[in-house]
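Scrolling down, you'll hit the structures one after another.
The following pair of complexes shares a single chain, subunit A, combined with subunit B in the former and subunit C in the latter.
Right, the complex of A and B next:
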């Protein structure tokens, strides 16, 4: 029985899933306590809104899907980079660049929506390539470069937009023109989903992004390219030893990661319902991709669900206004992410404990058996085995 | 007063699901060298951890000088005058020898560090026990042998009476090992008691008075070393007879497979070259062994041969093809296989499954992929074939995550992968490091089998026994150069030891600098597994 449970806990997928679910539950409980603290009489009402508002009407659910789409892409962007051993904290800058390229293609060049989306990917890819090249050639930490490129991207886009009068709205000059007014073909098609859901927010973007997630899953898990990328991410030295061009892979990984974030920018601003606003702070969508990726432990298919979840409770957060500030949701999300990281740690600890026992057992069997080691006694996976098996207790 | 300074009686230490120590008794007499012998995983380290207070035993008692004691943590052990020289030294490299010795017990006058007192005491101790050190030299600048003497002085400075040596000879040259043996004898003559953890039988025969043998966590017995033999000890240790001499056919070298001409490799750590103007060749059907103390350029040379590092000058040729500038992948395709020194750093992607690791050098071949999509069925089929053929054991077969496998089986997986490539030249660095006797036997037989099928084998080893037994030709490296070439049948361990230590050389030196520093840095890296 114990071994069954142990095996289940240690199958990587189950463990990640359990960790995420556990942290979501605790996060929500924490959220409820917070609500009770702010306004005790309305706390149950607030929690109800968080939990159920997103599914209360098809219109609300359309909003969930609408917000989930770009979130899914920035999540994929961060997650893909994570899988290959890179921390792309620059999804925001790539997202901004993607938005700009998409809007330029749509408004100025009058391109159809799919060309504008390709342009968005190009913009994001270019912005991702810089940190990638710096990392590959000069070993500059990608976190630092991509943070810098968030700001460079934001202000470069602001500056450029300010100098292209045609792209800006005539009434309020700090935002881009309404897409529906200048180039309807650049808007992401709705395929009748808007009437189905009864919401003008609804279009096919969620289908595009889910397809992107599945594509990423296939690339990472089924192709030699994914094999190489993950090998680089797990152990760069071993991948070099195997003759894999690690530098090329770093750049490609950042380019793909950037393209995904860029596509997110395109998806959001080509919906027709959003207008790009010239602001002085970095767009949160890029950063929200980090929790989305973390919650799904960077699994592309998991990211589909984690982005839907985050979007769902965000919609719930908006619905519990004015009784509560919608920022409460940000706190709850933060708590969940915090716990997600923490429960992964716990999972790691459990694994350590179990594998450590097994290693000890291994050692003893290994010493006695006439052949090398004794793997049969060692049924599972763990984080600490390798280190443990090489060093001894006393030196610890 | 009891006869014994340390008595560990009927110690049982249980980790959930496993008895790491099962009713073990160890009694250390005053003034003796007591060897603790056992293979990897026999429970030696657990037992010492119990003595040091790192683990609490489930059963059993510890007596010091006849008094039952409870050792809850290493501080308790220190208070009982128990000291230990770890296998990987615990020294602050940028501190002087003196500062290292007094670390933790700094003498002071009204709160101000007083090195004078310390120096006098250290000089006195070092004279008394014949432990020559330079108190003012930085630890990073002194030899490994002297670093070890510093570790010993640390214990003596704290007035430790019970000294534990954890595999102290692993990093030493034969000459240094002899010196250490003398020092140990001197220490016991002065009344100290020594526990000597090792799996090297020759050293036990030479220095120990008594020997306690552990196997699979169980107590096998304690013998008087004078009344026993090497064979007897090894039988106690592994539970069966072990072949010390490897049976191998006469070497019949064929054509030259691999040539290195005037190879120079820059060092990553200092301005001097790590490998200086080295030339040698390897023929079909022979095992050439590069012997040397760790950090004398062997690693860099192998990285250069396999393409992981660039050569700054010289020429490499495999079967007449110039590969001096070829990529790692090209060299691999041309027939170089590489069993790397550090299997976790280079040899394996630990998070990958066994199957994925077994195709690490050939996942891109048409056999395993189709238009960029990996053919998992083929990969599994191939992996299962290798697992069967090379007897790689793991919990879930080809799907086992490699991190969870034992070191010996991880190494077997690498060997299976590299040998199955059917290479022209097999390069193996320290392929038996950290493995137990059975695994070592297996790996040696695989290397010899490669040779016997007419392949060229280049073996890099720090273990002189391995060098003498396995190789057909020995090249000794010292400070980045080849300083001597030997036929193992016509030379002795002592002779090679002199060359390894730089005391003798056949070729004139080309460089001036020392690469002492690299040695230390590499040791530093190695000490973190």
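Right, the complex of A and C next:
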């Protein structure tokens, strides 16, 4: 039993999990120090709001889930592209496109919700295809293309929306019409979850997105296609040498990534509680997918949890207004992401701590009889640490 | 003619932040570190320099010595950007982390920090730091009197003339010299192309990468101030994506200073056409379409994309950029 637990702790997944938890704790402490610096007397109140507001009532928790759904999808979008070695900073544009396609399908074409969601994926996929094609065929850096297409997408959607009078609200012409008033069937079903949580925000979107995350996990880890994508991400030249069509994989990866972000846009605006507003700056939801993906080291299942966490403390941040600006949350998240850069260091530290305990145990065991499992385990770990310290010695 | 002068003046004022930030990005990438944090660095530079400008404006010293105050503001912008960028260098050079991670963290940190600090200093909900009017260089500084109907040259020079403009142009000249004519420039470029080879002849790759990132931070911070004075509405904890545009300009300019200058002017021109579209008589006006100005606002991005598609086959990024240097790979 003990060996099992120790094996688990020593696995690389657990080490990165522990490193993430450590980063989160340090980030929260940093946030608390910041709060104490701004307003010492209210700082504990602020921290309490950050930590507990999201779970204080079922209604607040419904809000957490409601915001986590699109966040999870943009996070998956960014994470999926990361796995192929692409940095999809254009999730925002794809998200906007997805929202537009979904609303067009729902409001103008009167289609049911699942058709509208498919339309959202189509819109995002088209917008993701541009950076992919530009990268694969013309060698244009995907970061630049995605940034450009964020803005092109935003302005194109604004332009199109302004010229479809039916899609706009009669009273204020810069937002879309309330979905509930024109086509109830396009709203994402609630399956009674809204009464369960006592919140109109609640619908099945979180279930859809979690399913998408698990699907991504299966594609990446259990299929040839996913293997090829990851191979391209690790070393493009090696994958080409191995006979993988890297260009096709780049385009496909961006298309899937775009479809995920588009689905996020669809899911958010088909909830019936949000209306798309014509704005002049690109939507933040796409950018927030980047920290979500980084926090989970692009692991689809990890993204489920990281998006829930980010959404949770964001709800906490809103609750601590007006005493503190809710941007404190962004600072905390950014500190956590920055510490992710230290994760290698942290992992090394955790490993060293564990091996140190091991060697201590070994000495005890060496006096008596040693179990076979331990005997096999330890030289490996010891070798790993030796390697690590050796490379440390060289680099410093 | 006056319209032309207006357009030219606006083009230059918008090209200046793009130019200096893209040059900053170039220093960093030429040394082998992708600096995606330029947006955040710009915000930090703008934040501290605007706070400074505001404080000397309140004390009255600024209005009495506008050029000197602006000069100090530029120094502060550069210095704060430099210090902030060291966080990126620490993560991506010393700790060998993925360079986009550190950059993204800084990009997220900067605007939030700016908002929190502005609130803390100016009081709740006060999100704009107002830029004093004396920051603009007026005719009176040169002993001229503004004419009632300014002519072509007067409009061109004095419509939006800030100290940042000549300083950034000077920095461009210095950059060209440093990158191509000095030992430091050669070493910096070698670290971006083949750090192992550079190391083998005794160049300290880590120190040079730190320097590259620090220079980019300094230029990025100055760019933040240049953008804020150009935008004219005060500092609102944002630079409207200019850090990312600057990255595009840098790639468009193929990591070469003079080409970056051209690319910045090109991008700024289309940007200005986009925002002045309503007042330009020679542009088609699309009368049947509502909010047709969005068409022109899309223009700079579409044009840049088209140009990139046609030129990127030949584009050559520094070969080792984005890869943390590890001595054991030598």
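Heads up, the rule we're going with is that the second predicted complex is superposed on the first by the 332 of 396 C-alpha atoms of A that agree within 3 Å, B and C clash if a C-alpha of one lies under 4 Å from a C-alpha of the other, contacts with A are read in each partner's own complex, and residues count from 1 in each chain.
The criterion applied here is as follows: a residue touches a chain if its C-beta (ideal position, glycine included) is under 8 Å from a C-beta of that chain, and two chains touch if they have at least 3 such contacts.
The structure presented is a predicted model; accordingly, all values stated were derived computationally and were not measured.
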{"item": "Partner chain in contact with A:17 - subunit B first, subunit C second, else both or neither", "value": "neither"}
{"item": "Subunit B versus subunit C as contact partner of A:242, first or second or both or neither", "value": "first"}
{"item": "Which of subunit B and subunit C A:345 touches, first, second, both or neither", "value": "second"}
{"item": "Which of subunit B and subunit C A:290 touches, first, second, both or neither", "value": "second"}
{"item": "Partner chain in contact with A:32 - subunit B first, subunit C second, else both or neither", "value": "neither"}
{"item": "Which superposed partner A:141 touches (first subunit B, second subunit C, both, neither)", "value": "second"}
{"item": "Partner chain in contact with A:222 - subunit B first, subunit C second, else both or neither", "value": "first"}
{"item": "Touching partner for A:328 - first (subunit B), second (subunit C), both, neither", "value": "second"}
{"item": "Which superposed partner A:231 touches (first subunit B, second subunit C, both, neither)", "value": "first"}
{"item": "Shared contact residues on subunit A - subunit B and subunit C", "value": "391, 394-395"}
{"item": "In the complex with subunit A, residue positions of subunit C that touch it", "value": "36, 87, 91-92, 95-98, 100-102, 104-106, 108-109, 111-113, 115-116, 119-120, 124, 238, 240-241, 244-245, 247-248, 251-252, 289-292, 294-295, 297-298, 301-302, 304-305, 308-310, 312-313, 315, 317, 326-328"}
{"item": "Interfacial residue positions of subunit A with respect to subunit C in the complex", "value": "34, 38, 87, 89, 134, 138-141, 143-145, 147-149, 151-152, 155-156, 158-159, 162-163, 281-282, 287, 290-291, 294, 322, 324-325, 327-331, 333-335, 337-338, 340-345, 391, 394-395"}
{"item": "Contact set on subunit A toward subunit B in their complex", "value": "222-225, 227, 230-231, 234-235, 237-244, 355-383, 385-387, 389-396"}
{"item": "Partner subunit A, residues of subunit B touching it in the complex", "value": "15-20, 38-46, 48-49, 52, 54-55, 84, 86-88, 166, 215-217, 239-240, 306-308, 327-330, 332, 338, 340, 344-352, 356, 360-361, 363-364, 369, 372-374, 391-396, 400-401, 403-409, 411-412, 434-436, 438-439, 442, 529"}
